[in-house]
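Two complexes, one shared chain (subunit A), two partners (subunit B, subunit C).
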Partner chain A sequence: MVMESQGLARVREIYHDRSHRVKQLKAAGEKVIGYFCVYPVLEMLTALNLVPYRVFGDMREPITKADSCLPTVVCPFIRSALDLGLKGKYDFLDGVVMAHVCEVGEKTAHIWNLYLNPPYFHFIDTPHTVHKAAQKQHKELLKDFEKTLELFTGKELSPGRLREAIEAHNQQRALVRELYNLRKPDPPLISGTETLQVMVALMSLPVEEGNKLLRQVINEVKGRKDGLQKKTRLLIWGSIIDDVALIEMIEGLGANLVMDDTCVGSRFYFPDVELTDDPLDGLAYRYLVELKCPRTFREAVFGETKKDYMADLDSRFSYLKEYAREWNVNGVILQSVRYCDIHGYEVPQVKDYLDSIGLPSIYLEHDYSEAALAPLRTRVQAFLEVIS
Partner chain B sequence: MTNEKKRTINRLKTMYPLRALLDEMYKGNIEASKAGKPTAWCMVTFWEGDVILKAMDVESVYPENYGAVCAAFGAAPAYLDRSDADGFPTHMCGYARNCLGYTARMMDLGEIPPGAPMGGMPKPILLLSSGSLCDAHYKWFQALGRYLDAPVWTMELPLPGVKESRIEGAYEHNIGFMVAELREFVTFLERLLSKKMDWDKLDELIDDMIEMNRVWYEINELRKARPCPMHSRDFWSSMSGSLYPSGDLKVSVDLYRKMYDEVKYRVDNNIGALPIEEKYRLLFLELPPWHSLGFFNQLAERGWNFVVESWSYHPPQPIDLTKVSDPLERIARFTYQWLTGRFPDAFNAGEWGGYSAYPYLEYAQDYQCDGALLHPLVTCRTATNHLMLVQDRLMKKLKIPSLVVEGDIVDLKLFDPVDALRKAETFEETMNHYKKVRRQEGLEW
Partner chain C sequence: MTKVVIMDVDGGICARVVGPTGAEHRRLANRVMEEALEQANLSFDEISYVIATGYGRLNVPFADRQITELTCHARGVVSLFPAVRIAIDIGGQDAKGLKIKEGKLIDFVMNDKCAAGTGRFLEVIAAALGVKLEELGEISLKSTNKVKISNTCTIFAQQEVISYISKGIPLEDIVAGLHDAITSRVVKMVRRLKIEPDVVFTGGVAKNIGVVYAMKENLGCEVLVPEEPLFTGAIGAAILGKELTLGAMSKGEPIPRKERRLEEITFFS
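Let's turn to the complex of A and B:
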């Protein structure tokens, strides 16, 4: 009998063959729904026994098909994901949910629907602001989502099931935070590379299965005796990182990546959903207001008549100060894929904030390909020399 | 006679006063600001914000448009350099970077930078950004917080998918959302300006705005005639009256009415926009190469008439809003119609690029186009990211070929008119070929 691998070994297996497990589940009759970015409400899928599966790109694979429907001057991550779709690599999905994360994400949603024509497709037009009216609108949008899911599954989404799903996903979030706590000691008990692999694995499994795996990983990591060495401690901020190449490069240069603010990491997992009387209220709030992606417009005080820049920065980025303090960070890597406007406009502002709290930072731009990382090595090296 | 002087396009006489509106807007802004009138910098909000500001006596300036002005006057490079030096990535919108650099300069100097084209943009008391279409439409103004203490208000505009817009109740909650946001905006303005909204004035302004756009819509409908009486160049010269509604709207309504009469006269008398035979009818997407518009004259000499262009600069298909008494709801329904008016047809056609690609399929049929000229812009994602999709849909569904000529909004050297003309010559054979294919496939033209 073949023993199923456990903990980090299992994580690595999944990381290297992401779809293997969901394909097994599909063969056993389950339905798998792909989702992009952090805005589709996963609890609603889980509550209807649909398996959420995050759609990523592949920075190691050249883009050959997406050119026919997306030009080269848009986000290379989205282009890569669409390219994989057009090459049939997401054919196993029974459906796809996308949200209005950014403009190119919104356009790509409709392109995906048109060219790949999945059995189920839904687009959530996530509002841009967090005003009260936007929160109400977001709840209405989730009700629309609910209707199409019910139609697709032929099942009713009961508040009871939704609550259970919220609890299971909150459980996962709590476990991820626990895992991140293991990055706080110096040296951390788990590397940035391993952490990212865990995150990717979680986004490739049903929630309960992910929770089981996380518990194994946490136990394993807690029991480590001779793990990492003390090195410069870094936080990484920015657009999506779904491949370990960049993290490996940075850690290979003599740093420990101990914290992140990216969407395959803390940005996705840290905020919980509050269990409200109507579960949709808690979900609508968490996914619009609590998720801290720069795609959402926020201001220090709603309807302020004068802008205080430092107060504005503080209201948008003070969580980074908390991260830096709790994870004892020496410097920050700001990174973004080229052509990402959402992160691009943010860069000088995050930098201003980090300067104001005395944290050194460097900005790296790349085009989401493994080859493009090489020239960044020297810059990271120089940065590490300066801060250590 | 030099080439420039040769009349290659019959320009509309009624276009000139409409074109002058833009110059007057800049002049008016500076004067108004000197006289102590509040100024707002605005993104194009597709009519959501403009009339509200007007009703509150706030002058609107459009930095996106000012980007084009700076590029045309050669002032952009210095502002772009400043934006780069301040750490804004170079791949972002050229107009945004121009504005960021301009603002940084202005705040350093404490006044409008000397030599700023058209008198420059006066310091704003408000930045009105928008969630419509483009990410820069709100991220850019948020980033201006580095330099300005003006508050930013982000106007919401739902962008549903075609199918999602048909879910029961979706129309109502989308409109309800817009109305609620507009109401908040009015409350906010009242606080910012310490004055009350004049609702009667707003009501009248909205009616004028709707009427202006109705006439503008009807003008463009007339362009379906063969030969087409009005070239895209006249469209581009006249569109700012609708898109950037400034000055007295009643005057603009009147100017568009006069234009309607002139275009109608041409249709009735079989007068085309080209003095020669109209050989090819073209669709243009999206922003024109402002600095090389003479290129269209060269094409006109070859019998190319540009009969319709970028959907998003066109007004909404008219709907009856006379029974909607709440002025804010009238605005919401008007703007929402602009965005989703074609969705029912897109749904029936199974086209999910409801506003990004589908309008061009309709245009191409209604205006009987032989080809499309696509103008991808390196630093304007919004004008570019759907072009491949449009190219594909036009060919798949209607056998209409596209010619792709690259350019940029601030790096004017990227557009090469000589090379473009060479490509255009070859493209004629392609258009001829597909004309035959369309006939074989039973398409009308």
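Let's turn to the complex of A and C:
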């Protein structure tokens, strides 16, 4: 019998052939549902025995088909993901869930449905503010999501099953936080590149399999003797990073990426779902209020006419100060794919905040293309020269 | 262009050489190095430390260390103008702004989208106008009514220039308009660093007197230009090399050299 590989070796296998495992599950009769971004509520899929599978782009593959149905001056990540869809690389999916994460995400959701016509499709019109009324609306929208899932599977979503799913996903979140704690020592026990590979692997597996793999990884990493070297410690903030190319480039220039605030990382995993009497309350709150993506509008004091800019910044970004302190960060890389309006508009404010707490930062804009990363090398290297 | 500066222990410049960079970086780096050694009357073994900088820094096989052009430019500019706060460098490939405090680089910006706002832009347009690159500066000084170039794309700007030519607009007014376009584009970018005097302007484009005037006008303040604006990065690299060498020697440590070779290697052999 062939021994299945374990821990980080297994992570690398999955990273390099992401859909291998879910295709096996599909062949065994399970249904796989693709989702974009962090807003679709995964617990509802898990509770109905649907396998959630995160849809990514591929920055190593030129976009050739998507430009016939999307403008070229929009998010290259979304263009790339749609391009893969149009090339048939997501044909194994039994359905797709998208949310109103940003404008391009919203438009592309309908284009995806129109051109690829998956057996199941649902669009969650996630609100863009966190006010009470929006929270209520979000819960109602999740009820609609539940209905379409029940219709698709022919099964009823029981509160008991939903609670179990919440517990399993919370377990995954706790394990990811535990893994991130292993990045706190100097030198860290696990590199930024490896961490990203783990995150990608988790988003390609059913939750329980992911949890089992995470436990193996944590044990393996904890036992490391010949780990990394001490280097400048960086935090990376910004839009989606679903390929190790950028991280490898940064770490190759003499830095350890020890913390992230991106959606294939802490932004996706850190907040838990509270187990409320009606599980939908906890889910609706976590997926709207606690996920910290700049696509959502926030302010320190709702309804105040005269704003205190620094207080506003503090209320929005003080978690970054906590990250910097706990992970002992020397500098921050702010990065965004080109044309990402939501991150682009956020940058001046994040930068002002980081300046105010004396944390050096640099802003990089890139084309979501592995080949086009080279010009960024000089900026990152110069940044490291400036801060060390 | 590839530049070499050889510096002695007191900071005196023993040699200064510039040559065009082709696709064969490595061969050219060797050739200009040999020329510089000849000028300084030194053998390669007599050089204590070599720092490579700029886009080709990874393609200098005989360098001990690579340091980015941002750090090197800052160091070079500070050595020439100790009171500098903002340095603007416009070269053939890119434009950058450096913020310097107490002689140290603290922040920087670089153009990251295209060649508009770089020396390449002027090269392309000079060719379209049928004038030599070196003549642009003097020509523009005669302008009395400079045109507005609204396009920031090199290719579209070229079309705009051609339309001005066909309208019979005097050459000097078109060239002055170009200088204004390139300068305002770079100044817009550098303003992110909050501009404070002294402002120093370097790079090949700083040799163009018309751009220097346009820069003063756009910034609304005095702009200092070194005598040899092409060499500040190489001078900075030489100073950093000298400091690393002297630092190691004063601590009684060995100089952190790499194994180096000065021989012709090409990409295409």
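Everything that follows uses one rule, which is that the second predicted complex is superposed on the first by the 388 of 388 C-alpha atoms of A that agree within 3 Å, B and C clash if a C-alpha of one lies under 4 Å from a C-alpha of the other, contacts with A are read in each partner's own complex, and residues count from 1 in each chain.
Convention: a residue touches a chain if its C-beta (ideal position, glycine included) is under 8 Å from a C-beta of that chain, and two chains touch if they have at least 3 such contacts.
Bear in mind that the values here come from a model prediction, so they are computed numbers and not experimental data.
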item	value
Contacts of A:136 with subunit B and subunit C, given as first, second, both or neither	first
Which of subunit B and subunit C A:365 touches, first, second, both or neither	both
Partner chain in contact with A:382 - subunit B first, subunit C second, else both or neither	second
Contacts of A:177 with subunit B and subunit C, given as first, second, both or neither	neither
First, second, both or neither for A:222, with subunit B first and subunit C second	neither
Partner chain(s) touched by A:69 [first = subunit B, second = subunit C, both, neither]	first
Superposition-derived comparison: subunit B or subunit C, residues of subunit A touched	B
Residues of subunit A that lie at the interface with subunit B and also at the interface with subunit C	365
Footprint of subunit A on subunit C - complex, ascending	55, 67-71, 105-108, 110, 112
Touching residues (chain side subunit B, partner subunit A) in the complex	86-89, 91-93, 96, 129, 131, 133-136, 138-140, 142-143, 145-146, 148-152, 154, 156, 158-164, 167-170, 173-174, 176-177, 180-181, 184, 187-188, 191-192, 351-354, 356, 376, 378-379, 381-382, 384-389, 392
Residue ranges of subunit A in contact with subunit B within the complex	67-71, 73-74, 100, 102-104, 106-107, 109-111, 113-114, 121-123, 125, 127-129, 131-134, 136-137, 140-141, 143-144, 147-148, 294-295, 297, 299, 303-309, 312, 336, 338-339, 341-342, 344-349, 351-352, 363, 365
Interface residues, subunit A side, partner subunit C - complex	365, 375, 378-379, 381-382, 385-386
